[in-house]
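Shared between the two complexes below is subunit A, which has subunit B as its partner in the first and subunit C in the second.
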Partner chain A sequence: MQEVKFRGGGFAPRPIPFAGALTLLLIVAAWQGAASLGWISTRFLPAPLAIIRALVTLVQSGELRLHLAASLSRLAYGWAIGTLAGLIVGFALGLFSLARTPGLAIVSALFPVPKIALVPLFVVWFGIGEGSKLVTLGFGVFFPTVINTLAGVDGVPRNLIRMGQSFGLSRAAILAKIVLPGALPAILAGFRITTATAIILLVAAEMIGADYGIGAFVLSAGNLYDTDALLAGITILSLLGLAISWLIGRLERWLLAWR
Partner chain B sequence: MTGLPLHRRVVLGAMAATAVMSQARAAAPIRLGVLRTVSPAPFYIAQSRSLFAAQGVDVEFKFFQAAQPIAAAAVAGDIDVGVTALTGGFFALAGKGELQVIGGGLHETKGFNLTAVLVSRQAYDAGLTSLDKLGGHSFGITQFGSSFHYMLGQLASAQKFDLKSMALRPLQQVPNMVAAVRSGQVDATMAIASMARPLDAAGEARIIGWVGDYVPYQITALFATAPMIATRADDLRKFCRAYQAGIAAYRAAFLRFDAAGKPIYDGSTDAAIADITKYIFAGDPEAATKIKAGIGWYDVGGALDVADVKAQLAWFASEGMVKGPIDPDGIIDTRFLPTR
Partner chain C sequence: MTVKSAVSLSIEAVGHSYRDLRVLDDITLSIPAGQVTVLVGPSGCGKSTLLGILGGLIAPGQGRVLMDGPIASDCLNPLTYVFQDFALLPWRDVAGNVALGLQAAGLSRDARAARVAEVLALTGLTDFATAWPKQLSGGMRQRVGIARALAVRPAVLLMDEPLSALDAQTRALLLEEFSTLIAASGVTTIYVTHTLSEAALLGQQIVVLSRRPGRIRDIIRIDRPLIGRRPGDPDLMAIESRLWALIRDDAADAAREFTDAGG
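Then we have the complex of A and B:
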């Protein structure tokens, strides 16, 4: 008789602490090295040190604080508006037959519309002030939230719901104790996408009429071909994305501790 | 040759290569980047009347929507020469040694109402009735470092109002600027005559002054890429001669004035308009009126106002929009066209 070897294991990637940061650092170091040695022309691709110098200038002049304050408040409000509306609509589509098909048709029709193309319209409708910027961000966040929420609600095992019903739980209790926790992983995964979407749309939102904001700063630096400042702004956007992604990771660990 | 910077070596290499291929490349067209507006009219006339061909060069127009992409396209190697406003972005690219200003173009001058300062009705009624009162108001521009930004800065020093006290609103595109002033979302902006006059006539906005009456300014200039100058200087000279012939035709058609200062329009004007409408306003029944509204001063022979280019660079640098020391003489090449 042939011995059957143990074939389980694998398919379970573990996080290696610091490997992510180390990878990024190594890439930046290699880039700086290549630039210092003259392998990469720094005329149109500034070296990391030049970008860091531009960042330091931004911090010292106090400009960064103004840009960040403007952008963070837009991100917070715009994302919150889009997420709240998206959650409400997503749950409605997931729970009510009457909302589902018509709602899905509308979402499918509007989701692929490039939000940047709508910015001029938003400007006419909501003005060049904060209104059009929040709407641009909220609109971009809304659709992925709807789709993820809907998928989350659909993914809740029906037998758990049936079990709750046979135990005589009220509709509200089933929603709060079974559907919401069951949909939460998908919703939180959606947050990762929507926060990134909001950061991407920040540049579009701040295209029209913004004095301050990281997006406006990046656009202005691009127009002036100030490549150091341009990449400094992009670095800030990237760091912002990392910070928010880390926050969502903490949120997931806290909210999904029951898993 | 070891001491030469890399790009110089590349250019020299390209020169050697061109020398070998000069027979084959003789027919390569010169790609000219222009805005699809009236401002490059002498080039349209020169092309329409085969003045470039008469000099033995083939010119191909590449049309752009805004000034900035023309400079970027030149750096990327998509065009060889361009006519554009010298924006902050242009100076940043030229400062890296990629572009050289070689000749003059359209000028804002007293008497030619090219660019209007347009004020919203609300702001006008609230007392913004002259240029010196612009301080403290919101103002729509396309982008920081654009020609509008520069003209406003020049108006500020001429009319003694504080540019820093104004809220500049970058709106990316001219139609947005006009829409914003119509709806009162900005107090003021700038617009070309053909856009500003109808709004003023309809009472939707008010013209409170013309830029050229207060700040003479070389709006556009002719530039060439460093490789074009290094490898095809002869072709560039021929190109410039045809440009000068185009300017002569333009001046004969549009820049003759009677004793009262009124422009004299005759058969040569109509002929020039017919040439220009091959490239812009084709089929537009209002074409002649629109073209006449966009006519501005061109110096004889396409002379470059070197002092004005230097003044522009100095202003952008003083506003922090052009970083690092840029030697103005390093971005101007006066071997191809005369200077003012």
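Then we have the complex of A and C:
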């Protein structure tokens, strides 16, 4: 006789509380340790403490506030413009046959184009000021938003729409009460991608003709080979990304409690 | 709850095809007011298509459907469905789902709340008013489906295999509840099923459809009222046997047919 062996385990990863934050802390600690022990030349890679010192200087001089304010406002406006346009176009493609095929052709042709490469063109079109920066961000955010919104609208179960029709809901009511909430999970998932895209494009856009902004700061630090300040700027961008991703998580938990 | 619905339907020479696939052929039938008409037939014979045509969700290829009789003033959606897959909005709680048709009809908030409370009580859902659909069992979800339908006080209730997604015990329980609710409301009902025991328990007029293209094969009337019918009653069993004799060969043939996905 032979005992039946269990073979049904695995393939079910679970989240471990605090493991994420702990991992990042350990890496930074190891990095600092290696730098303090002289294993890593600080000329080659600044130590975390040096980066923190650079950050403190930035805060105390009031410079950080100026850079961050400029960047955050560009980020907010650029992302909002791209998101709004993307939602409108995404819904149009999802709802109207006339918009769908032609629109999809345009979107598919332009989506893979690296937006950073277009920055000089935008500068020519919209000037070296804020206009070109917002357009760069908006353009980059627009396409993934369209794709995600369209996927969300297409994913709304057909039977729910028929149910709405069978209860006499108007077209507008079906849109507001069935299509929009049904597409929301996909739209919010898209926000994670588009906010990260926006941060990447923000830095690229601020590298041309900006006095203030994290991107401008990182560029000038890089030109001076002030690697402490450079990494301080990068750290701020990373923290910004983490904060936005946390915010979206809260938003999802609030809006998608029904899932 | 209300007086018997006085609304009847006449189906006049209705036929339908999906591209080359002929699914319904020359269906002429009257649906009497205030009674339960059951449609039975092998799967794929066009029952759902016919129900879709009756409720205005599918435009018939041929023929037409007429609705006759006065619609009560408190009726907000004369032709109202209960769906096989429940079709609840997952982002609305139970009360929100039940209120959907009332909102569409522009009912005031107070009137809405009153009607929702009434049908939730009727279907035993009062304690679940704020639950999300995902928190409910299949049987409870279909209770929400019937509550949502009754809330608009329909003139005609269109039920497409409302129990076929449920397990046998839940099905038996819910069938009793449906029977009571339908009898109490007196609503004209069209009930699609391929379960013959359901047909015998609920039907006052049982319409047997042939395999695709669905044609009317026979109509069996049961004059006994719904109240008091019990599973296992000898005369109901006899009707089940008669239905089975009518359907057997068609069902066997239909099962061997190639078909595209759907149902």
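Basically, the second predicted complex is superposed on the first by the 242 of 259 C-alpha atoms of A that agree within 3 Å, B and C clash if a C-alpha of one lies under 4 Å from a C-alpha of the other, contacts with A are read in each partner's own complex, and residues count from 1 in each chain.
Going forward, contacts are C-beta pairs under 8 Å (C-beta built on N, C-alpha and C of every residue); 3 or more make two chains touch, one makes a residue touch a chain.
Everything numeric here is computed off the predicted structure, so don't read it as measured data.
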| item | value |
| --- | --- |
| Subunit B versus subunit C as contact partner of A:203, first or second or both or neither | neither |
| Partner chain(s) touched by A:216 [first = subunit B, second = subunit C, both, neither] | first |
| Subunit B versus subunit C as contact partner of A:64, first or second or both or neither | neither |
| Which superposed partner A:177 touches (first subunit B, second subunit C, both, neither) | second |
| Contacts of A:168 with subunit B and subunit C, given as first, second, both or neither | second |
| Subunit B versus subunit C as contact partner of A:146, first or second or both or neither | neither |
| Partner chain in contact with A:259 - subunit B first, subunit C second, else both or neither | second |
| First (subunit B), second (subunit C), both or neither touched by A:89 | neither |
| Partner subunit C, residues of subunit A touching it in the complex | 159-160, 162-170, 173, 177-178, 181-182, 184, 256-259 |
| Subunit C residues within the subunit A interface of the complex | 55, 57, 76-77, 79-81, 83, 85, 87, 89-93, 100-101, 103-105, 132-134, 148, 152 |
| Residues on subunit B engaged by subunit A in the complex (per definition of touch) | 6-7, 68, 72, 75, 87-89, 92-93, 96, 143-146, 167-172, 176, 179-180, 183, 185-186, 321-323 |
| Subunit B contact footprint on subunit A (complex, rising order) | 38, 41, 43-44, 120, 123-124, 127-129, 207-211, 216, 219-220, 223-226, 228-229 |
